[in-house]
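In order of appearance the chains are A, B, C and D, and numbering begins at 1 in each one.
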């Protein structure tokens, strides 16, 4: 395959980006505001609100981390097919500061005494070990304590921010700087490999901290990989959605074609299967060994309140998208693929919801407007941070030396 | 409006990627010649020497199996509490080795990694032979080998069926499916190359034999069309299959309640380990083979370097899993779990644990440096280290979790017998004998697929394509 | 032509291979199913005994009850083969000079047992209890066949695990009133059905055939 | 159209050197309207499908259906085998444990799909086809090496030897050659036919042997595949055991001991165990008389006594009748139990006769337990009474018809 000659010109969409970011901001303010109001109205010291907020936060976080991984892995493998959509991935990874803003309210349940009497704390139960597992949870104090937890949180965000900045900067440099030695390209290539190690460790521990410790007596070594599978699925879906949107608005008509959608679709198929594989491994091993210290997690998810949803997730998160993505035609039709991508995002959110909420309330599924509102708010915040970058930067990494190959790329 | 810094494909490759995959005089005929000559001519003397040695070692395997069968599994070091001794260690080791082939063939095919073509045939053959070695161990471990067919659901006079809730039975299905599908995949890829050998053959016998297995292939495009589609489908099927096989092997351990075995990350961790050891074995074999049979232009330094990168990456994944297990064993708050891991690192088998960690995690770090990634002696030595390390990983998993039982009264230090050694070394004899026969008589490199990677396979009709 | 080419007639392999692809599995299945079946391998075993004892005469013509000779069958797991002295109960005076009975007389005189060959021999890892079966109304005939019609005893049933389980899963058809267990020719009274009677007896005898491994492999 | 194509002509091949050339030639041939032709290339050439107008294969559908079938059968198999046909509980799992069935169902899915893909490809591609006239052409051997060929079959409706050749020449072919249909018989040689028939007949032999075995008896014991399991080194009832010096597996009681149900040895309850008190036979019945004991007595009488004494006790049992014919010289007819001397015997003496024999009758102590002997005595009494009954014996209220 010979590379296509490329017009090395930026694809700028500042007006569109500004418009979208405004929509994002409005969604963020309305969503989070409504969520907060609804939460306050429940009169539970905002407990429900904070759990719902954590779901929204996790949803946001999978976009950002998905973007980071996507960018890293394209560099480490020297992928050519993905160059035309990579900038969107870079925008997604560069939303770390907004994620940091979103993390600030989480300090409240960590640092206040609110709700301790009634529920033993607002969010993470280990803040004040209580209940039948109190002794076990107290044993984990060297790791699960508030100062260390906040320290780690800051550390993760800082590391991600530095990584995102590094790769964003080099990528932009590539656009304008026609360096014959390809210094930025090579630098990204070189640092992406250690970057992935850092990514793997921080993502794993962040998911242990923020999500797994919502049930502090429970543990699973594969948990980080499980969250990782969701991140990858999310970012590919997001790249499809944003590309289709841009094309619909008249941008990048040529730069993203059926071949790229086909590949993005393949990755969504692959990671749907991967997610199922990880989820099955986790469930099956715990179900099979039937050890009391582990089964609690699945036990609370197979109560009357959660059983239906647990079984449904198998269908909605595996069977439906798997057979949906199976056909070559679906993957090559942008609009159809975008619909599936939206579907993937929705069921991914369901997965996060299912991961977190039963730990708050095993007896009843508290699903309501409050979750919807906070999630829309979190997504709006992400959208704002994501689209803000389009105001200043090209939405295409037009200086990447592999762009010609990318455009010539053909699936078999 | 081409920019001054516009790149051509070749320039880009030179700067970012190393030189093209097929080197030297790479017209179509010379590719055919290079590969077919090996099968057509008498092999170098080193081949005969290696073959004789392998046959001798294979004989040792035969003798130890005969001794085992007529005497019983008591000839091994297996005993309570370490009832799964070397046979299972060797089984997992060989199954792991058997993962690189199908992975290179299928997964890299799906990822459009053109570089796989130089080594895929080779690695697939290795898979087949490694799985044969692997399958042998549980078979002889059952003791009464003549009733091994009981593991298959065959209607029988006992009117009973195998227990499908047992991970050991899943193994039977996973390994036999993996073997069958890998064999199909290997053979299917070989059909066009066998046709090349048939059409070049001058002797009646080789025309007949290659001809039979070439199935009358003539390279008709209508056939190529279906062939390529099916090859893609097989790749798409083989990819989750590869993952499933070692996951199922890991279930043998992870479904149990034994500390050190029961951990949810075991499936992907085993898969990563399998790929790691498999690639190491490919390097171990490819380095001498390319020198011996003059395949340096087809299995280039770039192939080796890329494999070394995969070794580095999967080695890191394995390291990640070691770390996660250790962390969670503490985080779980389960004393037994914690003890199992501390015991691994500082107990009576600490030496094995630290061999494992150094060979699998520390040693491959040298591949961060391009100079070492591209040094034949370094990679050869490291690949052997990795093989050793991965054998010890299985040893550590199997033995350390068992040897310190829940009852300290039954603690027992496991030591192998000479039959254990003879069987393990003998399995290498089986593997190498098959492998050397493959090298001698079959196309070692996928001729048609390598041709597809050359510029000759593509029409040069402009850039407006 | 100097080079070898596949001749035209090799086309015959195409249908042949198709045929073999279908035929070979069918052939192997049939061969294994029938060949490896205990009905082929075990049924029909008819060893030559040291004395040509005829069950057809003793149990059939004379109508002697099985328990006259196999007297332990109701009380123990093992159905004892009678000692020579049991034979001599009658043969002291019946056919006292018959050459066929010479080994019996010898055995009775010097105490050396007669070496009868076991016809119905289960593997040693199988535990079978005669008394348990008789006391629940399983007739001798269910396992041993119409011994009262055999001049030479022959294994009629496969005695395989599947065959045992068959009855342990569906006991109704094999259960008879307890006082008819040794009656080889017992049939349900006219107008009644074996399975119905059996079902009632299973109830009244409180029969719960066990199917777990340790029932027989203990 | 094919007016001048002879019967021996298989087709025409044209040789090309590069991918570009074959692509161009393929378009030419397709546009000319040929249908029975193909391009032969050493590796798949991308773009050739489009140039030749090859339609997308439907094989993926075959594979999908086979995969779903395999998965379905995998689940069905496990459900039927473990939950229906041979269900047993193991490790606390339900009979039908779907999570535990997923790995195997997954493997069967892949197995079916892969085999379907592979063999459907064979069938669709007409493989194997070893005989091929094209392979007789020396030039064509390079189709698997470095040359590209177009081959048009003579059976194509458009085929015209000269016109087709001319068209191929003009398409940039480096060489155009005709390929003849080899003049060979399609009948396999006699050796081969003989071999096939011998093989088929040979294959019948095992079936025949199986049929033989099924319908015949044998005095040879069956083959034991695992003899050490079938014949364990353990002590078996009534069998030889080399563990003991006397070689007996069944052990007699240890010297100086006796079984609890055999108190006779220590002289306990002599009335029950011997039928005697001192030197005289007991007349009292030492057990409680119950209907059950009576029934037991009747049953035992049927087993042990009736063979000679007859069911009615008159000495006309089947054995007695037959013995009288077989050995009239040595046989002594059994006693009629209804004769007055027998009726007058004390119960203890009847018991003693059963235990130790009397005159020509052997003792049955080894075959009949103490209690059963008493039961027989009881039943004999009833039998004697029944045979000598009078109207006074009929209980009140019993309606005689």
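In this section, a residue touches a chain if its C-beta (ideal position, glycine included) is under 8 Å from a C-beta of that chain, and two chains touch if they have at least 3 such contacts.
Source: prediction; values computed, not measured.
Participant: Would you identify the chain whose C-alpha centroid lies closest to the centroid of all protein C-alpha atoms displayed?
Facilitator: So the chain sitting closest to the middle is B.
Participant: Can you give the whole-Å distance between the Cα centres of subunit B and subunit C?
Facilitator: That pair's centroid distance is 52 Å.
Participant: Just how far, in Å, is the C-alpha centre of subunit B from the one of subunit A?
Facilitator: Centre-to-centre distance between subunit A and subunit B: 34 Å.
Participant: What is the distance, in whole Å, between the centres of subunit B and subunit D, each centre taken as the mean of its C-alpha atoms?
Facilitator: That pair's centroid distance is 39 Å.
Participant: Could you please state the distance in Å, as a whole number, between where the Cα atoms of subunit A are centred and where those of subunit C are centred?
Facilitator: 69
Participant: Name the residues of subunit C that each touch 2 or more other chains.
Facilitator: In subunit C, 6, 165 touch at least two other chains.
Participant: Where in subunit D do residues touch two or more of the other chains?
Facilitator: Those would be 46, 86, 93, 100, 128-132, 135.
Participant: Give me the residues of subunit A that touch two or more other chains.
Facilitator: Residues 284, 288, 290, 412 of subunit A touch two or more partner chains.
Participant: Sort out which chains touch which and give me every pair.
Facilitator: The list of touching pairs comes to A-B, A-D, B-C, B-D, C-D.
Participant: Considering the complex alone, what residue numbers of subunit A touch subunit D?
Facilitator: 280, 283-284, 287-288, 290, 326, 410, 412
Participant: Where on subunit A is subunit B touching in the complex?
Facilitator: Against subunit B, subunit A makes touches at 1-9, 78, 81, 136-137, 139-140, 143, 178-182, 185-186, 189, 193, 197, 200-201, 204, 208, 217, 219-225, 266, 273, 277-278, 281-282, 284-286, 288-291, 293, 401-402, 404-405, 408, 412.
Participant: Sort out for me which residues of subunit B touch subunit C in the complex.
Facilitator: So the residues of subunit B touching subunit C come out as 154-160, 202, 204, 207-208, 211, 216.
Participant: For a test of understanding, state which residues of subunit D touch subunit A in their complex under the given definition.
Facilitator: Against subunit A, the touching part of subunit D is residues 46, 64, 92-93, 99-100, 102.
Participant: Within the complex, which stretch of subunit C touches subunit B?
Facilitator: So the residues of subunit C touching subunit B come out as 3-4, 6, 32-33, 36-38, 158, 160-163, 165-166.
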